[in-house]
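Both of the next two complexes hold subunit A, though its partner changes from subunit B to subunit C.
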Partner chain A sequence: MKAALSAYPTLLRIGFAAAVAYRTEMLVWMLTMTMPFVSLALWSAVSATAPVGRFDQKSFVAYFLATIVVRQLSGSWVVWEIIQEIKSGTLSSRLLKPIHPLIAYSADNLAATPLRVLFALPLALIGLASGGAVLPHEPRTIAAFLLSLFGAWVITFFVMVIVGSLSFFMESSMSVFDIWLALFMLLSGYLVPLELFPSWVRSLAEALPFRYTLGFPVEVLIGMSDDAAIVRGLAIQFAYGIGAAIVALALWRAGVRRFGAFGG
Partner chain B sequence: MRRYLRLLALQLRMSVALGAQYRWDFLTQGALSMVWTVLGLVPLYVALHGRPAVAGWTYEQALVVVGWFTVLKGVLDGAVNPSLILVVEHIRKGTLDFVLMKPADAQFLVSTARFEPWRAIDLVAGVAILVWAFRLMGSLPSAGGMALSVALLTVAIAVLYSTWIVVVAAAFWVVRLDNLSYLMSSLFDFGRWPVSIFRGAVRLFFTFVVPIALMTTYPAEALLGRLAPTTAWLGMAGALVFALGGRFIFTQAIGRYTSASS
Partner chain C sequence: MNDRGQGIDVAGLQKDYRVHRRTSGLASTLRSVFRRTYETVTAVRDLSFHIEPGERVGFLGPNGAGKTTTLKTLSGLLHPTAGRVSVAGHEPRLREHRFLKRITLVMGQKQQLLWDLPPVDTFSQNRAIYDIARPAFDATLKELDDLLGIGAIAEKPTRQLSLGERMKCELAAALLHRPDVLFLDEPTIGLDVSMQLAVRDFIRAYNERTGATTLLTSHYMDDVAALCPRVIVIDKGRLRYDGSLSKLVEKIRPDKSIVLRYAHRPDRAALERLGTVTECEEAKAVVRVARPDLREAVAHLLLDPALSDLTIEDPPLEEVLRDLFAQSATEST
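What follows is the complex of A and B.
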């Protein structure tokens, strides 16, 4: 554990260098995130004449730009990496290194954040200028937002590890991830702000983990939730995060034991 | 001509054989694409159902656009994208030489290299959405409207294909392009809604530069019987220009292809 901690800064530096090296590719991947704009077009046309719930046109702009910012900053792609490395057998070289592969993966993910911030910043500024959001200015709200952003990343990362580890046991684990993604789109507030759903969908979404990977940080960022809601949300979010981490570690360990390094 | 039809049948048969090998995939992917189609309907339902017309479209009318979008999405993912992903890989590895050496038109070979037959499910789903939309409206499209709509759909497929062939041509210059096909797909997502929902420069962009309006909104308007004839003719002419331009750029690009080893 101590060795891992002392190696972590170096791992971050390597990850950052890799992100800089493949910057164009990264930019193209970021540009594929058009869905919030597709949703925004629809909702701003709907709210052009009259506001929907407590959303007017400006708050839709703020909401969907915040969705992009949060998704950029808390995103992970480790599931594709793990599945590909298990299938091709290149995971074995990772296993030889004297550091837990999950630690290396997490460093890869986190190291890309500075470049992603650079991309997300202009959007955040446009959101601010649109005037539809009350961006947090008190230190404790900012801290709460950063904490919720980290919590969102923890859930996303470990769920991806869980699904990735499934490919130790089964062939079509990518389909499992597609199902997760579909539920995420629906119940996280990515396509439609959760407030606009009927109340039973909303309470379902509040109990399930999806909202805590996106909708919750977005609501904190644009000032849609009060203090009590933030504290409750953070508690649920970190409960899910820790739960996902425990399952992920157990599943990974069981999987590595079965791993035969195909074609090794 | 007959030779090319035979070649096309052969390529299709090979893709079906390949698809039949992975039956389990066929089922899961089919089920998943149904899930995605239904998922795409949720925002439309929440946003438009039970509200007065938005930008000139009621919920039922916008469903017609989604129906054509789903059909086109099936064509795109089933017949256009798989081949193009394959070509980009050929270019990267240098194995495109083997394709070019075959005694048939390069563009034909390259664009019929692979199909994903299970995407036909999307076509069925799209048509089902269309039927459902007209049932909700309680009316039937006129025969002329249907004919015009199908004609415009053919035009839309031609435009879609030409855009993608230009992307492939770009791959001759910039080798790493596999994620550019994802970029095009996510741009295509804007075709989900009627184009009049967009305003100003964005609408002009989706009408003339990347003619997504032509692909989904116009066929839907034709089916609803409210497309002006001039718009239809202009759209068809524009599509012809697109197709010829695509062919021209592709032949230019392939002339410069120098293989991976040299």
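What follows is the complex of A and C.
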């Protein structure tokens, strides 16, 4: 682990160079994550005459721009990489290196963050200028947001590893990812703020992991959560993060054993 | 502890794959949705050999013989179904970091270089992953540069390199950590003749400088003939031969070819009295003669004043292997 930690800065530097090399592809990729703009247009029209719950037009602008920002900064695409490498056999060259492949994958993912910040920053400024966002200014709220953002990335990354690792056991696990994505769209707050749902859906969303990959950090960012809700949210989020990491590592280990037994 | 002295030990290795079988057609496709038929295919069976540290060994066999499966098992990517494997004192299937730092597997048809970045970035990445101290890294890189002539090509994006340039950088990336054991799977595949020679020279020089154990598979028999005093031949997963290359040639083809050049058309009937004539053209003939009769045949041929040149050649290795595999096919029927 010590060796992996000392290698990590170099992995991040190379990962960043790769992200820059793929900048056009990445930009197009990032543009596919702009679905909340559609929701924004829709909900702005709905709230033009009267607010919907706590949301007026400005709050919707702040909410959906924050959604895009959080999704940009906490997203992970490792599922595609894992599935493709298992199917093509290129995973072999990773397995021959004296570093855990998940550490290398995580560095690849995190290394793209600066480019994602470049994309997300103008949106954050627009959100701020719209006047609907109450951006956190207290250090503890900022710290809570950064923690929740990291927690969202941890859950997303390890869930993607879990789904990708299923490809060790089935022809392709892309269909499982599609199911995850559909539930994510509905229950994370990506298309509709969760508090606009009926209470039973809201309760369900609070119990499931999807909200903690997006809606929760968004609520912290735009000041929709009080201190108690933040602490409770962080606790649930990190419980999910640790749980996902444990399952991902176990599944990965079993998958690599199977890869060794059956040749992928 | 330096385990370089332990070499490679394979005892009774067997590797089975479970393969999904389905005949063509819609009915078969639909049936496979509900019930799949699998069968076990044995890629390697009861394979045993020992390789001394520092040896260069050619690993030969036709397509599907089990060569790549064996190399992958030796490098820890595949787990043996049965048998025991030890490489430099390690059990490969455990893929301990200490073991991975001591081996390398170069597959001519797969690459480890980062496609859109210059090879120098892959080199830096490997320096970090293998935890190579900067002075050792610089020294090894310079040494590899001297041997391979990498120079400025390491600073161009990998995707813009020619196949030969890429293979040079692949070899450098694979050897930066100075592995004790090299598994080379078709390292010259697709390369032109001059690049094949360069890679071949490099492998020999690296082995001589570092004493690294080298196990090489190649479909280019010239690679094997030039690099490997010893060959291990497998077919259908079974060991067919393990020994020196020259003895293999002698065993399978106990004759040599005498290539003759004349000022005029050679006398075929006269040549047939000496051996088997495989070629007889305008001014050239090739006669295959049993090794014990060679001296007498050459003495007789030299008496002909019309003879302008005579050379004695071993049969091409491709022909030797073809005959060996044909023999094993006959034995198995």
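By our rule, the second predicted complex is superposed on the first by the 258 of 264 C-alpha atoms of A that agree within 3 Å, B and C clash if a C-alpha of one lies under 4 Å from a C-alpha of the other, contacts with A are read in each partner's own complex, and residues count from 1 in each chain.
Going forward, a residue touches a chain if its C-beta (ideal position, glycine included) is under 8 Å from a C-beta of that chain, and two chains touch if they have at least 3 such contacts.
Being a predicted model, the structure only gives us computed values, none of them experimental.
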Partner chain in contact with A:93 - subunit B first, subunit C second, else both or neither: second
Touched partner set for A:46, first subunit B, second subunit C, both or neither: first
First (subunit B), second (subunit C), both or neither touched by A:199: neither
Partner chain in contact with A:34 - subunit B first, subunit C second, else both or neither: first
Which of subunit B and subunit C A:7 touches, first, second, both or neither: second
Touched partner set for A:18, first subunit B, second subunit C, both or neither: second
First (subunit B), second (subunit C), both or neither touched by A:257: second
Subunit A - residues contacting subunit B, complex: 25, 28-29, 31-35, 37-39, 41-43, 45-46, 48, 52, 172, 175, 178-179, 182, 185-186, 191-192, 196-197
Subunit C-facing residues of subunit A, complex: 3, 6-7, 9-11, 13-14, 17-18, 21-22, 89-90, 92-93, 95-99, 104, 257, 259-263
Interfacial residue positions of subunit C with respect to subunit A in the complex: 17-18, 69, 72, 75-79, 93, 95, 97, 100-101, 103-105, 107, 110-112, 114, 116-117, 121, 124-131, 157
Subunit B to subunit A touching residues, read off their complex: 24-25, 28-29, 32, 35-36, 39, 42-44, 46-48, 51, 54-55, 176, 179-180, 182-183, 185-187, 189-190, 192-193, 197-199, 202
